[in-house]
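Take a look at the structures listed below.
Next come two complexes, and both contain chain A; in the first it sits with chain B, in the second with chain C.
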Partner chain A sequence: MSLFYYTFIPIVIAFIAYFLNKKIKLSLAILNSVVFAYLFYQISRLYNQWNIPHETISYYMFDREIQLIFQLTPLSWLFIFMTTGAGLLIAIFTIKSQQEYVLRSSFHLNFAILIGSILGVVLAGDFLTLFIFWEIMTWSSFFLISSGKKKAAQKASYRYIILSTIGAYLMVTALFIIYNQIHTFGYNQVAAHLSGLPITESIILIIMLAIPFIIKAGVFPFHVWVNGAHSNAPKEFSPFLSGLMLKVGIYGVILLLYFVPLYNILKESVNYRGLPIFNYILAIFGGITVITGTILAIRQEDVKRLVAFSSISQMGYIIMALAISTPLGFTGGLLHLMNHMIFKTTIFLSIAAVIYRTKTTKMSEMGGLIFKMPVTFTAYLIAIIALAGIPPTNGFISKWVIYQALIDKGYIFLSVAAFFGSIGSFMYVFKPLSTIFLGQLKPEHENIKEVPFLMQLPMFVLMALILLFGILPGLQMNLINQISQLLNIQPVGFTLYSITGAFGKWNSLVIFSLFVGGFLLAFIIFISAKKSKQVGLMDTYTSGEYMDDPEAYHYAYQYFRPFDRVFDSFAARSLTVIYDTFAQNIVKLGNLFRKSIVTGNGQTYAFYMVLFIVILAFAGWII
Partner chain B sequence: MILNIFGFLLMAFSAMALGLLFIGIARKVVARVQKRIGPPFYQAYLDVFKLFTKNSITHGFIFDFGAIMAFGGMITTLFFVPVGPFVLYGMNGTLLLVIYLMAVAYLGMAMATVGSGNPLASVGISRALTQMLGYELPFIVVLLTLIYSSNTSSIIGIVQTQQSGFMNWNLINIPIGTAVAFVTLLGLMGKKPFDAPIAPSEIASGPVVEHGGKYLAFIMLQHAVSVVVKTALFVDLFLGGGNNIFIFIVKMLIVWLLVTLIGSIFPRFKVEEGVLFYWRWPLIAALLQAVIIIF
Partner chain C sequence: MVNLILIIALPLLAAFLIPLFNYINKKLPSIVVFLTTAINLLIIILNYNQIILEPVIIELGNWQAPFAINIYVGTLELISITVISIISLIIAFYNLNHSNFSSESKFHTLYSIIIAGIYGIVMTGDIFNLFVFIEITTVAAYGLTTFNKDKGYEAAIKYIIIGSISSVFLLMAIGFTYSAVGSLNMAVIAAASNLIDPGLVRIISLLFFVGIAFEAGILPLSIWVPDVHSIAPSAVSSTLSGLVFLAGITALIKIFFNLFADPSLYVFLMIIGAISLIIGELIAYQQDDIKRMLAYSSIAQMSLVLTIISVGTKYAISGGLFQLFNHAILKTLLFLTAGLMIKYAGSRNISDLGGIAKRIPLIAVGFSVGSLGILGVPFFNGFVSKIMIVNGSLNAGEYILTFLVLFATVIEMAYYLKVIQTIFFGKISINPHKIVKSYVPIIVLITVVFLLGIYPELITKPLNQATGELLSRSDYISNVLGGM
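Up next is the complex of A and B:
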């Protein structure tokens, strides 16, 4: 199948199904699932066929030939594989979860277009193709975000689209400047041209090209759109937004730094401890992203906001690892990118399942759901173990590689940021676990059931993946080393069970078997002791008080208040406030301008007319 | 295979026995500091055996699963810390692994206690996690310095770099780091002044408020193994490990007694005070040490 069809099929099918959906309920969700499944199958067959030639599709617009170029590399294969995989799982999830959702048709329309456009971005062979699909992606995701919670989603999607537009303008300006000089958009030609320019000029152009990607990746100081968009988007779209949309930004960063490769130009500039200053600043921003994301995630009372901030913090890891540009850092970044997609999608899907049943996102309005929704709980539990980086899950492996890379280079600040984010993640992932799934069950949730099987299925698949890649990281390393070879990065040594770091390696099979041993021993001791009597959750030690209201007996609101007190002043001075103040000042300036000219007084306008005629007279046009 | 399983069981049970002995000794020492006679040193064994024979109540499957996870996770961690010359499953790259493996036990314990439905337990867990962010940060910076200076992240490797005599110990090589690590050890073990998570007078022993019978015995065993793991880790990293199991245990005992003695004379920090304390002097000192070593 031609590469072009991968982007074309979802977009066309989406429109067909949109009109079909008006007649037959749910046809769109099922059709989407089938199409994504087909694409997923086709893409998995493309593995190892890296010698497919470039494809060029040209058409004429205003008498000018415009070419769309597509190409397949191991790097783009990784992203198209992840995109269609996540899309497929989410499409299956939505079949059941969106039965009562009003904007269902437009959701699926936009979702399919989004998948098609992401495939286009990733398969693009030059900057023009990339930019066209990039814009389609921005707009379809904008519509998706804005179809969430009413008012808040509007505001969040505006923030998203404004930042994206700024990025797009910068990118298109840089591209036109370059096009004017060399009349081509090809990756290699652009790189060759940039390396011929004076160093400051080329660095400014590189930054202009990089900013849209950094905005999409949600890196400080452009992370302000992420939390609003993630928390207010439809519950089925949040997993995709966090699991994949952010990663497309990372794809752009990898593309620019290594594939194009502008890293070679940056190396010529000022270096700090052997690292180009641009990379160093990017890594520092990554570190700041980790810290801010963590601190703000701990404070949240809305579960989707909490997970959104955790996404911000995890993206910081990936950026940090990629920016320090050692082989180990690159490998760790890519590993974490894949693993983050897997476990964050799981977390958001399990949260979506909870929201589907309880119809709320406030953590303090839930509690004790573990006995009602055990599968959802297990999915959430395994995913947060991965997020916190605890073995034997995939999250541990990628974080371990990132730490090795950071310590190897001796970057103190970055390592402290990484560890802070990791230990802080224990805090923020435990908060939903404790307040939603554990603790006292609310009386109104007495009749809640587990979600339908079609919603459980994606969670099961993702749980299996978390454990699989936690025990056999070699499966992922195989592909990553092919990418490293493509990008001229020295591959990292690995076997099926272990990865060689800077200071040694470990064996995940031994870890796993010791886990089994430890748990078995504990289980045998537990079973051999006397059987215990089951009592209710209200039957606990209360210091002699009589408690009859489970709602009042659930510790959920402001779970980490002592910690939050420390950072109250920090959170109050958030970047969002600074941006808002900036926006208000612009409006004020505009008002000042408007008031001094558009006064609403007839005499002023008469004066303008006279002035106009006088000026014309002076110019000699009338007389 | 049989030998492996036998070694596994031997190691696990001897660690439990050693840990319970340490706990018994600590109770005696604290009693003497407070001018009491105190229980006999073998009291902890009696407690555990007695608790296993008692009737107990459970609050649902997560309460059971959490107890198993806490104990199993701690047992797993044990095998990655060399105790004296015994290294059952010699692996490189274990230092960072140990830190994260301990988290499995914490997570299990936290799930079980919060799963009991008692808000006092939740308060305790929230305090424990907050404090963890406090002490882990300087501790990790010290570990990072250690990895960088020893050029290996395997604990065995770090022990081997300090083999030839007292002057090679990391206690001498990175003195500030050792001091910081000792202060963090107090928090890691939940000793006063950092015992806000269990604060018996405020939140009724917090995490263990609902545990009785075999569940409490499980928590005690887990605590015993964790005492062994943490003191052994400190001895391995800073006090040169040990060629001989007896020397190693004596070193562990010295560390444990120091921790106990210091823990028995201080009043308790408030939660955020504890965190801020760690982020002030220990963190600054740890960073200073890192800068000295790396540059």
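Up next is the complex of A and C:
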């Protein structure tokens, strides 16, 4: 099947299904799922067919035929596989959960267009195609975020799209400056041309090309949109936003640095501690992102904002690992990219399930749901074990490789940031676990049931993947080594169940067997011990005292207050304020113009005309 | 090969016969106007292929140029009149029974006259004829503005004041030119422009600029635009915003590129356009009245077109012209849908239009398509023109200009998105009024938008030819003055 169709089938089906949805309810969601399943299947068959020829479409512009090129590489295969996989899981999840939604059909329409455009971005073979699909992706995600139920959704999506568009316009300016010199948009030609330019000019152009991707990835100082977008987007879209949209920015960074490859040009520039200055600054920003995201996440009371900040800090990990440009770093970054998508989607899906049942996102208003929603609890538990980086889950492996990479090169600040992020991440993921699932059940949640099977199915799949990749990392390493070979990076040694790091090998099979052995031992002891007596929850908690209001004893609000107090002054200085002030000043300028120029008085207008002539005449038109 | 003069003559004839038709049947005027615009489109289609091959010149009264008034239709004029005829047809269809004034014959008379005037401005080859047609257009516009009973007179008075001052300047310019060259024919003036005293040329060009730019949407000469375009009925607003501005910019281009091609003046045009663009966008953001916001957006787009065209290179001019034509189509769509939304909600304020997209989905989608087109989303027609504009200005090395254009686009995004978010995702807060929903114009315009977005070569191929003609004055002169 032609590569071009991967991009257009979702979009076309979306429109057809949108009109169909008016007649038959639910058809849109089911049609979406079917289409994504089909695409997923086709894409998995494309594995290892790296020699598919490029496809071009001719578009007549600028007085000549422009070729829009589509190509398939291992790197793009990874992303389209992840995209359609995540899209499929979310489409299945939303069959049930979107039923009571306002503008529900527009959600599916925009979601399908979004998937199509991400496929287009990743399959693009030249910069113009990339830009076209990048814009479509930004716009469809804008409409998706706007359709959230909260009032703040409008402002959040506004901020998102304006920031994204500023980045995209910087890229288009740089792109056309280059185009006017070489009259083509292809990756290789652009790279060849940039290496021929003087070094400062090429660095400025590279920075302008890279900024939209860095903005989309949510790296400091552009992380201001992530928070608002995540917490206000519809709850079914947040997993995708965290899991994939941020990653597309990372794809762009990998594309520019290694695929094009602009790294060779950057190497010629100023080097600091073995890295080009651009990479070093990017890595430092990654480290700052990790720390900022972690500290801000710990303070949040709203569970979606918490997970949003957590995504920001994990993106910081990936950027750090990619920016340091070592084989281990690259491998670690890509591993974390894949693993983060899996476990973050799981976390978001379980939280979406909880929100679906309890209709609130404030953690202090929930509690004790462990017995009511056991599947959701298990999914969340396994996902946070992965996020914290504990074996035998996949999150441990990616974090381990990143630590090895950082320590191997001796970057102290970055390693400290990484460790701080790890410890902090355990704090902030434990908070929702304890406040939502453990603790006391609120009276209004007495009748909550588990979510429907269609919503549980994605969670099962993802849980299985977390454990599978934790035990057999070789499955992922196979693909990653192919990507490394494509990008001329030295591959990292691996077998099906072990990875070779800088200081030794990680053998996951051994560790997993140890875990299973330990678990079995504990289970045997539990079974063979005397049967325990069932006691009411509050009896042990209050040592037999009588109380009538158990929910007042649910420890949930300001969970980590002592820790937060340390960072209060830091968190008070928000970067968002700077952006907002800048925007407000522009608005004030417009207000000034309006009040001074548009007076509403006809005589003043006549005066303007004469004044105009006089000014122009003396400014040089006549004199 | 039908005589192109019919394009101007038929609407005028229809306009003066409408009172008679009105006497026979009240519905007849609107149908007559619709038929006239349809016949115009037919005439243009019949002549299309011939004009692409070679510009058509028609001498009125069979007198030779330079003694007679002649009509010159080159490629640029051809594309303009095609776009004008399609849009005027759609607006005439809308006027059949969706406008508030569909049953008033005076409305249709004036509409017919303004269409004739617009065609005249674009097609004429004689500068005094240009003045006459500008006056016809403006007087008809004065009349059309007053159809809104509460504020129409105030807006029309401001329009008249500025219009009169501008026509004085225009008349002065024509007077100076005539005295210097001895002929009113554009080609003769173009041929003789090197012989006129350079100082006088600059004075004349400044006076021409002031005289025509008020009709073309450049601040501060177009300060009447927000009042007039927001007060007028939506069919009139789309004609004024889309078509009259198109004609005005075309006339300006012909004067500054064919008549007095003085490259040192282009810097002035660029600076005026850039300042007008930024001010227009910033003020548009402040507006709460949706039609006023659209009017400021029109001013900003026209200034953008002027700025880009004054860069002077082939790529920039074709980008600017394509943006001009796209704007005509998109602004019509925007004004028609905005007018319907205002009628539905009973209020002009954006904050009152919350959530109405659920009730009138097609109209809301039409508005969104129009705004996304102006913003330049891929696969809409505005994307191609925006890319061509960026390419053109970077090609000429104007980095600051590119930055200003993109900055203006970001501000544009801010206010258009505000409206889109309100109508789709806001809360419904009004009591809906009953309106006659008109779907055909909206669907036709949306189709045209996407068609141009996917096949821009429908316009860009002729446009390249037009730009080539524009940049080579000698061809123009030799075409018209042929035998001399």
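The definition used in the following text is that the second predicted complex is superposed on the first by the 575 of 623 C-alpha atoms of A that agree within 3 Å, B and C clash if a C-alpha of one lies under 4 Å from a C-alpha of the other, contacts with A are read in each partner's own complex, and residues count from 1 in each chain.
Here, a contact is a pair of C-beta atoms (placed from the backbone, for glycine too) under 8 Å apart; a residue touches a chain by one contact, two chains touch by 3 or more.
Everything numeric in this text was worked out from a predicted model, so none of it was measured.
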Contacts of A:166 with chain B and chain C, given as first, second, both or neither: second
Partner chain(s) touched by A:543 [first = chain B, second = chain C, both, neither]: first
Contacts of A:147 with chain B and chain C, given as first, second, both or neither: second
A:589 touches, of chain B and chain C: first, second, both or neither? second
Which of chain B and chain C A:530 touches, first, second, both or neither: first
Partner chain(s) touched by A:572 [first = chain B, second = chain C, both, neither]: neither
Chain B versus chain C as contact partner of A:612, first or second or both or neither: second
Chain touching more of chain A, residue-wise (chain B, chain C): B
Contacts of A:501 with chain B and chain C, given as first, second, both or neither: first
Complex contacts: residues of chain B adjacent to chain A: 5, 8-9, 12, 52-60, 62, 64, 67-69, 71-76, 79-80, 89, 91-94, 96-97, 100-101, 103-104, 106-107, 110-111, 114-120, 122-123, 125-127, 129-130, 132-133, 136-137, 140-141, 144, 147-148, 151-154, 157, 204, 209-210, 213-215, 217-218, 221, 270-272, 275-276, 287, 290-291, 294
Complex interface listing, chain A residues touching chain B: 368, 370-371, 381, 385, 388-391, 396, 400, 403-404, 407, 410, 412, 415-416, 419-420, 423-424, 426-427, 430, 433-434, 438-440, 501, 503-507, 510-511, 514-515, 517-523, 525-526, 529-530, 532-543, 553-555, 559-560, 562-563, 565-566
Touching residues (chain side chain C, partner chain A) in the complex: 157-158, 161-162, 165-166, 169, 199, 202-203, 205-206, 210, 214, 219-221, 223-224, 226-227, 265, 268, 272, 279, 281-283, 285-286, 314-315, 318, 358, 372, 377-379, 383-384, 387-388, 390-391, 394-395, 402-403, 406, 409-411, 413-414, 417-418, 421, 424-425, 456-457, 460-461, 464
Contact footprint of chain C on chain A as seen in their complex: 60-63, 103, 106, 132-133, 135-136, 139, 142, 146-147, 153-154, 157-158, 161-162, 165-166, 169, 172-173, 176-177, 179-180, 586-587, 589-591, 593-594, 597-598, 600, 602-603, 605-606, 608-610, 612-613, 616-617, 619-622
